[in-house]
Amino acid sequence: MLMNLQKAEYILRRLLTSVFVLLGLTVITFFIARVVPSNAAALYIGPKARPEDIERVTKLLGLDKPLPVQYLVYMRDVLKGDWGTSISSKRPVLQEIASRFPATFELLCTAMIIAVATGIVVGVISAQWQGKWLDILVRAASIVGVSVPAFWLGLLLQILFFRNLNILPLSGRVDSDLRFTHPIMVTTGIYLIDAIIHQNWVALKDVCLHMILPALTLAAYPASLIARMTRATMLEVQSQDYIRTARAYGLKESFIVYILALKNAISPTLTVIGLTLAYALTGSFFVEIVFNWPGLGMFTVRSLLNLDYPAIMGITLFGAIGYVLINLLVDIVQTWIDPRISLS
Amino acid sequence: MRDPILRIEDLHIEFRTSRGVIHALQGVTFDVMPGEIFGVVGETGCGKTITGLSVLRLLPRSARITQGNIRFEGVDLLKISQREMRSIRGGKISIIFQDPSTSMNPLFTIGFQMNKVIREHLKFSREKARERALTMLAATGLPDVERIYDSYPHQLSGGMLQRAMIALALSCEHSLLIADEPTTALDVTIQSQILQLMRELQQKLGVAMILITHNLGVVANMCDRLVVLYAGRVVEIGESRSIFENPQHPYTRGLMSAIPAPGSRGNRLSAIPGNVPIDPGALKGCVFAPRCAFVMPRCLKESPVMFHLSKDHASTCFLAERGDLF
Amino acid sequence: MNNRWSIICIMMIFALILSACGGVKTTPQVSQETVSVEQSIEEEAANPTPAPADTPIPEGPRVLKVAATANITTWDPVKSFSTEALYMGNFYEGLIRINPPSASERFTPLLAEKWDVSEDGLVWTFYLREGVKFHDGELLTAEAVKKSIEAAKDHGGASFIWLPLGSIDVVDDLTVKFNLTYAAPLDLIAASLYGAWIVSPKALDAAAQDDQYFEAGIEAGTGPYMLESYEPDKEVLMTRFDDYWGGWDDVKHFDKVLITITPEAVQQQQMLESGEVDLALSIPLENMEQFKNKPGVTFYEEPSLYNYVGFFNTLRKPLDDPKVRKALSYAIPYNDIIKIGGQGYGIQSRGPVPAGVWPYSEEVPQYTYDLTKAKELLAEAGYPDGGFELTLTYAAENQAEERLAPLIKDSFAEIGVTVNIEAIQFNQQWEKAKADPANAQDIFLLLYWPTYSDAGTDNLYSMFHSSEVPFFNLSYWKDEEFDKKIDEAAALTVTDPKKSQQLYTEAMTRLVDQAPGFFLYDVTAVFTFPDYIKGYQYNMNYPFTTFFYPMYTE
Amino acid sequence: MAIKESISNIQSLDTPPQSRRTLVHIAQVILRDPLALLSTIIIIVFFFVAVFAYQLAPFPEQGAGKSNPATAMLDPSPEHPIGTDRLGRDMLSRIIIASRPALVVPIVVVFLAVIIGAPLGAIAGYKGGWLDEVIMRITDLFLAFPFLLLAMSIATALGRGLDKAAIALIVSWWPWYTRLTRSIAASLSQRYFVMAARSIGVRDSVIILRHILPNCISPILVQATIDLGLVILAMGGLAFLGLGTQPPAPDWGLMVSDGRTFIFKQWWLSTYPGLAIFIVVLAFNLLGDTLRDVFDPRQYR
């Protein structure tokens, strides 16, 4: 009972700080959006603006008012869901983001699931076999994984699996023929799930095949980092007194490693998972470009090329909010794993 | 005479480090009799903890037993399989570590950890194991055992945790309990309570106990017999009373003159100038010679062997050989 | 320590694997198998597209799959003045369509079956086709034409093309009369790709109420295809309009056209090579060579409306001196620019009018690449060793400009002129050039094409006629003689083409001589078509669209 | 995004700085450890190549951007070991010349990030209280952004160019150092030598300069080494997106991006510049790992 109260209080406190962090984030995006550029209004409506347009937008954004007032105007718009209008597509930025998010989300989730699964398993195994060839292999692979640029790795995989071996599709989310033979009914926008819901197995296979290379490319860095972290914490944990106690009391080695030690190791690993998500989000930009994946990343890069300023600021805010929420989620999950956290 | 429950013979242990090999134990030999409390005394780094861990074969990866054997109830612990060893750990021999706050896994409840051990060794059902754990917790004088059973380690004080640790250590009808500095990390006021409790339970359950400590004061109150280790070697061994009344080694004497007030946390034996050598194996002659107030030219050349003063008292000092130390 | 060595070994293996991915040609292996695998890889590299004939057209609708860069900036046919022309050209039709220069007839009648013009070139009468239906069920009437054109003149994206138009009279249901204020080639204007679509009056009314009416993805044309669905930046799916006046009977047209919007040319090529699409509308020029002699593929090299022009900023020293501009014009490596910038697909321009477009003339002179001459002229102008710096801007998104700009820089360096290159987005570049001419760039690279097929009133006028506020005349050049000649020539286009051509030629000759800009090359359009798609006709007058209706498979 | 585990390992750096001994120790460790040795050699070669780029490149002018239409798109040959690009520039020279920005920019970025971040962290950790709160909350805000996303939007706000990209990276990187330095400073301020200095009335600024900051050098050095690699990666990424170096200046990321047009035929155009990024980043990561081991007290437990 007491426990739960503490936990609830902690979560509440954590939620509150997140709200403050989000508020602070908007201050920074506000600065980048309105204060850093020499003429924010011109950036906001794009290069074809006529003087009267700039004047109109200056009024609309309140750019002629003092900074605090401008910020309030900005916040009001953000909260109203008015994140500006994309210069190149003329559609509301939030709508643009929403329409592309499922594709990115699908890629991100798949990559992170791969990364977390392989990272933890490989990390644990590596720690268990410390100093053996398997451990050495894992350590070498993981340092390669954190050093290789995603955009380059993607190209190499394309060359290998498409050009040389020709066993995986080159790019895209689905084969274009599929739309006429076995169209995917879009329910969630996440094709893997949609294909399963509607039992469209042909499409599922195609979606999976298209997913492999981008997901692997994106997973390389987080997987390596998680593996390194898991290995390090597993070694660290196993040198702890309580693990020695468990051994001294004759518990089974498998129980000690996979239940006791792993639970202790998972908490720092979770933090790293939260961190790598930030990487994966920006990493997906490169991966989406290389694999022509129609998600947020393509939108971002196109917006960068077109200097679609409202879109870029929208994406920045969106990414930052997503990242804060993920970290919040990680912290909350950690309270279930580590009862001590709610006390700190 | 009864057979000893534990017999350690000529135990040598080495550590391999990046700075070379360190000889942690060099020919340690002693017996522990059933039902007695046996003290292992020495400064930090003298090898007493290593001795305790070696009995359970829990030495760190870098350590290696190069010589000697450890017999528990007639079985050579160094020769049996992992599986057999596992049933002895926690089943026959249990151990209490120095710092109760780190020796319990912080992410699991006290109950979970006790329950698991009891089920492992006594093959109890979950329910029965829980009852047993509660009984043992109550036996250590803890109040509100149901709540403690469901608590996480961080929710208990150090003293309560150590009581829980003791409950765990005695929960599986063990015949030998190794207590490695069980009170050092506790508050002064708690220390004597815990020692008292251990002594009571030890007598009640009739287990043998090895009490590892740097604190001669603790040993004096508790132990039937004791061994004094210095730099990985036995310097004096025998009945506590005999040793306390008539210490036969300058080191023991130094230790005794440095007995802190009961319950104090002092670690350093300031009465003896100098430090324990890092790798005593490299020294020629008596390992204590560099710090010894009675050092003789002979001490620097040859190593003294064990000299028996009586059936129950021996020392490794040339002075003891001559019998004219004190 | 041993571990560390093993890590090195393993990392080397990783490195090897990674670099081997690149299809490194390893030393010949002994095994027969390996050799054959390598051969097949090589063959694949040489002929990466699966033989098109193998690509079965899936059961169900006949779908043409296309990769194109074209984005939709608006669905409003009146406002449309950008890349969405690819789609508009298939949804909507104008009164007539201009044919490629090689055709026997100059125009193809579409919604107008025939038309005539008064002697003075001021009154144009169009006789409409009967029974033409809009996609929304409305019937084509003279009223609809009047409404569409008036909307285009009023607020169209390319409203300027209707400048000569005075009023429109509805003579009867199927006859419409255009009264001009001065003689102008209205047939060319009516055939424009922008601002000349005939739109259903119902939709126009709706759009008059709601500015954003079309943006939801609504179209209301008479064309052969209708918009079935679209996802912004992703794809446009067209489906055939069953009631199309041209009919669907004689050949196997495509029931649907799926256009995947693919901004990157590389990506398009990859999609084509992986069989993902039948057509890729823009493949990197650098890679076009691969398709030249490929079986199953037809390779087209056709003239186009595009040309590359550079503007000198004539307001600034030392570019205000024609001698300097001429000197620099001699210092431009035209052939290298065509070779590298255009990858060989281009011919050196004769002034700003691309070959094949009115009023192009072979008599207009060209500069040659002649550094000695350039140095002489510079010395005459008082800059014997160059010694000045110029800023050159180009559109970062334009690959050809990215390739050729450094060539200009490096060549100018040979005559002592330093060029600082700024790659910025076209729009930014344009804004910057217009905002403050005196402080703008020194050299502006521009890819230009006329809105409709009259480069006299467009290219010459837009780029070099003086004007108060700069639009496309980014050399800010003012020359009364040139202005007078092209104004006169424009007025005579319909009534006295010969005289008009002569005046234009004179004007262009003066232009080249005064060199307010330099004229790089006329772009040769290159593209490939798989042989199983038949019926395609290239039409240089419509550079931003591809008409899918005539295409079919057997 | 970086591997910030090292933060937790700092506390035991007890003694005041012993830079000479530390250097000797580092040298010993590097010489003993083949991996560290290899990475150090790679980094030395990288420095060497960058410094003498113009002497080493077979075609230094082409490397710097001068076109040479006559040799456009040549396949690898003895004269052009990895071919030429579409402007006829020798790719090897391009890669060699590009090592200069790849060396200079990360050093500048990391150096300035340290200069901004470390003193703030030292002040926050030493002074504590509201100043600590304010500085750390601001830091948290920056860290709440996915790193590259923040850099991207700042770079866009500033405009294209290598300098702007570098500024964007600095702005989004310094908080990491503030956080790192703060954790060390906070523990140092409880140490006897710091308390002693304070008790005899040494000014705060002097304590921070003399006692706090010098003790932060080693962990910052470790982090900076790893970060050098990360900045190279980030610069490559920004250039790949068109936000960093502008053509015709050479840049590895840009070259990978340019070469994408040709990946199936002239695969070397994007493969080798990418390989250059990879190897250098790998070397910095390896060296950083080794340095961390040196400063990681756990190794000697």
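Going in written order, the chains are labelled A, B, C and D, and every chain counts its residues from 1.
Everything that follows uses one rule, which is that a contact is a pair of C-beta atoms (placed from the backbone, for glycine too) under 8 Å apart; a residue touches a chain by one contact, two chains touch by 3 or more.
Keep in mind that this is a model prediction, so the values were computed, not measured.
By number of C-beta pairs in contact, A-D leads when A-C and A-D are compared.
In this assembly, C is the chain whose CA centroid lies farthest from the centroid of chain B. Here the chain at the heart of the structure, going by C-alpha means, is A. Each chain gets one centre point, the mean of its Cα atoms, and the points for chain A and chain C are 39 Å apart.
If each chain is reduced to the centroid of its CA atoms, chain A and chain D end up 23 Å from each other. Centre to centre, using the average C-alpha position, chain A and chain B are separated by 52 Å.
For chain D, residues that reach two or more other chains under the stated contact definition are 242, 260, 263-264, 267, 271, 275, 278, 282. Residue positions 7, 11, 18, 21-23, 45, 48, 270, 396 of chain C are each in touch with at least two other chains. Every residue of chain C that touches chain D in the complex is listed here, in rising order: 1, 4-5, 7-8, 11, 15, 18-19, 21-23, 45, 48, 265-266, 270, 273, 284, 286-287, 290, 333, 336, 339-340, 396, 402-403, 406-407, 409-410, 421-424.
Residues 46-48, 88-91, 96, 99, 131, 133, 135-137, 139-141, 143-144, 148, 156-157, 159-160, 162-164, 166, 169-172, 175-177, 179-181, 289, 292, 294, 298-299, 302, 305-307 of chain A are the ones that touch chain C when the two sit in their complex. Residue ranges of chain D in contact with chain C, taken from their complex: 32-36, 38, 65-67, 69, 72-73, 86-88, 160, 242, 246-248, 260-265, 267-268, 271, 275, 278-279, 282. The touching residues of chain B, when paired with chain A in their complex, are 56, 58, 85-91, 94-95, 97, 99, 102-108, 113, 116-117, 120-121, 152, 154, 168.
Listing the residues of chain A that touch chain B in their complex gives 240-252, 255, 260, 263-264, 267, 337-340, 343.
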